[in-house]
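Below is one structure, written out as structure tokens, with a few remarks after it.
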């Protein structure tokens, strides 16, 4: 399945939900996920189904002023 | 740590702070130095930015992973936003982190001087205040804009002393004085401070706090400078409360004029 | 009291000081306030003047009778002297008190701006140095005069920030910087400081100490201002040691420029 | 005996030395005395004889900047 | 009259001006003095305000009745307007006079510092530009606002040097420089100029013109000051074109360093 | 040429000048430019230096060979002298040229900031005044020294605005004001002026003239800058005579406050 | 007829048009007239009829900065 | 004859006076001459005799500020 994550088109296999995507990417930190323009609460990762061409933003906090 | 008077509390949106120095978390050479700087300064609030995760190394540590967030209030900013829309978007993402509904609002279309857009900032502030954010807008030295932002419910106004990261000091002194004179919310001088004398001056004219990043993080010794800045802020605050003498055009002797020997 | 770094010692004529704030004893509202101000500031040296005794009430207490001189170094001045001759005379009388052979040398012909006479000051300094005094001359912002005074053996040079008691701040900034750059003795900024930001700035550019009287004694709350000034001096000193960032003509972002959301 | 003390001409009686003068004036504090232009050490007060028209300065420390 | 270079023409909205000094018509002591001041300065554009006629003496002469309007371009202002709506209303009335479709746009909610409202000014400018006015907006020292106003079609931007009528000089120097650097329309420094040195400085940094009222009208000798201001503006413009030397941190001898006698 | 008022004459040592701009002759790119600059400025007095003849090419033309000395008063300087003795020597050689007994007295021990020696200058001035020279001493911003020099018979005092050739402008503003207030001889601001705004400011505070070299000779277009400087000097002088308005802390409307439409 | 002119209520007699009003007020100078919120061109003064309670603004140029 | 002129030691032949020296150096411009510390008036060049080791300064005006 082709997804646009953080501005880049990427191919993913065997993933159905946002939770799957995060597991596949191996992310173990505090993040926020936006799925097709909707910010997801943590408890909705497992139920948010991904479809071909979906757009995701995965953001985190960094140092800033 | 450098403390203020125990009875002199800064209140922003109902939250109390003893320290009047808000610090950034950008540009520090390493996490140890950063943490020691926070400690030396006794700061109580730290700004952070929001960025896309690097998917190629998603668990790479950032400076922020080393901060003990039980000790400091976190103030996410919207840095990077060029329009009201982008700033609102970033603010919502920041709040979804679950750490804070406070937002340092920056709407900056211009990459060279990093000056904020008065129109976009007011527009974004209106939306964010309505959505329940505690909004701390970064603004140019415009007293009328400051008044508008206060009126629509911003928690502070944060005029810039000079362009971000320039270290030029209180270049906008004159109009920041007017902003302070007319404000009913705390005025936080944000950006441009280069040395403790700048911070002290900002506080002497009645600012409620200073937000400093570059001048500390880029000092040769950031820990020493953090302490110096905290002392400068505290000195200026103390002087504001103590009531400075009036400036005089002429001199006035410190020693008595009578009883001079041999005259 | 506001302390400096334990390893950062000011040495004048072989004598060590931790505090870099020298305070005057004129114009205070009352002795209690004055003593509490000294304590709040942690000062270690206090200037005094010499005057004729009032024969009609010779035992009338003065502010000085309330100071515990075991705690503070005493620095008599020659205030009131208009010529080298008068200053030398006053210095000799001061030394005869038996409290100190240090002298703050002031030769001031002009009552309106209280500016020192470069010619008379150098002349008096030559004589006093030869007589074994530790001479701390009060001077205008003249780097060449400062060099002359250093060469003949003065222990410090003490350029004025602005006219005595005017509280105008570091008006003579530019040439005091040159004096500091060229000096091999401590440079003490004396007169004209009005607020902690002024004191901090003086220290940031490398002054060794500040001498402050009016701005503390005439503040609404002299004790608070004494503490504020001590913090300002300490902040500026700390910043000087920590190495400030360079001033930049343009802005420089505090938050990262990469990974901006949605771009 | 007429003396000039601290710039003022004054008449004094029954005094022979600087010590007498100080006693007569009732001074009980730290001072410095200059007699006809010569600064006196404390131990010379008793031996410094006063004469008609002598000029004396009696000074002390006061608050100053 | 003080003339500029014959080849150095200021163009605003297609109209050419030789003089870069725009003058106001308020506060002059009498019409003769005012007219002689215009003549002495060689000005080519004069601002006026719009007010209700005094119905009790409707033909009472005002200063303006004495001006020969065949000689000067007229620039009506919207002074008195506190909101975009009031400013638009005033502008339309001014145009209906039939003398000009140029308008100096002022939206000023604040009576103490007379600072313009960035939001209201942009809003009114949008409407007036669409209605075909040549809009010259009076603004605070905000480079982003200036850019917005340029983009919607304003003929100039007119940042204030300091509050109207304060004579404080180029207090907002730093950000006016940025406005000039980024502008594609003429930048006219308006309000706050107190002396020719201020006007010269405004021109040296690249302003296209200065608008001056109080500093001329309230001088002891308005005619002399008008001439002085015109010379100051011309001097600054000439210097801008001639290219000033760089500032140096150190000295550099004017006389040769070689061949010094006796060395 | 830029003229002053016909009735406003500068008198130095009995000699009358209409122009208040004294120009140097160092550092010009070529003689034609220099002469055109003098003409553009309408200057009446030009400074020159004294140097050893180059024996290998003794008739080599210098800039000065191209000046029509019937048109300009010549003011030789003692540049290069580090001590009173050297300055006296140079002054005597200059007078022996037979062109003038005026001397611009410079005693400068320091090569980096080129600051004058107050002690050496006063010493040399005493000797030269006694020998019948018309002495114009170059000094730092020291009002007491200025008074001494006036009292021993100097024709002017010439305080520096900033280090020679630095173009920093009126850095020593504050004490030059005091010098002017106390002087009974013309005060000529010499060195450090970088642009016409600096020159205008010097004149507005009551200086009698400006001496400018580097800022004209090193401009991209020295002829244009000469004209600009002359206009700046004339503007400042005219403003001084016209009497500037007072600075105000608050704004004051230029347009009437009554009769505002629709209120 | 009662009119509100330049913010003041005033009673006028024998006037029917804006031109009448101007004549009655004795105005001989360059002005602009706004009638019930509409700015009038000079040539419409004669045809603009006034009614009880009409609001008029009569403005002119004054010195300003 | 060895002279020190403008700080440099130089050998000259067949010269007896300052006037000779100037002619030999080929100087045709406005100068001032100092001979062993004494400034010479123009009319004394011809009568000022030079001796071995004499020190001369020959100066002129140059551009300066």
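We call the chains A, B, C, D, E, F, G and H, going by the order they appear; numbering starts again at 1 in every chain.
Simple rule for what comes next: contacts are C-beta pairs under 8 Å (C-beta built on N, C-alpha and C of every residue); 3 or more make two chains touch, one makes a residue touch a chain.
Predicted model only: the values in this text are computed from it and were never measured.
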Please identify each chain that touches chain E as well as chain F. G, H
Interface with more contacting C-beta pairs, comparing C-D to B-D: C-D
Find the geometric centre of each of chain E and chain G from their Cα atoms only, then give the gap between the two centres in Å, rounded to an integer. 34
What whole-number Å value describes the gap between the mean CA coordinates of chain C and chain F? 35
What is the distance in Å between the mean C-alpha positions of chain D and chain F? 55
Quick one: report the Å distance separating chain D from chain H, using the average Cα coordinate of each chain. 69
Residues of chain C that touch at least two other chains are 24, 26-27, 47, 49-53, 77, 79, 93, 113, 115, 164-165, 168, 213-214, 253-256, 259, 261-263
Among the residues of chain A, which are close enough to touch at least two other chains? 6-7, 57, 59, 62-65
Can you name every pair of chains that touch? A-B, A-C, B-C, B-D, B-E, C-D, C-F, E-F, E-G, E-H, F-G, F-H
If you look only at chain C, which of its residues touch chain B in the complex? 2, 24, 26-27, 47, 49-54, 77, 79-80, 86, 89-90, 93, 112-115, 163-168, 194-198, 200-201, 204, 213-215, 217-225, 227-229, 231-232, 234-236, 238-239, 241-263
Write out the stretch or stretches of chain C touching chain D in their complex. 24-28, 34, 47-53, 55, 58-59, 62-65, 74, 76-77, 79, 92-94, 96-99, 164-165, 191, 211, 213-214
Chain G residues touching chain F - in the complex, by the definition given at the top: 6-7, 57, 59, 62-65
With touch defined as at the start, can you tell me which chain A residues reach chain B in the complex? 5-8, 10, 25-32, 34, 39-42, 57-65
Within the complex, which stretch of chain C touches chain A? 253-256, 259, 261-263
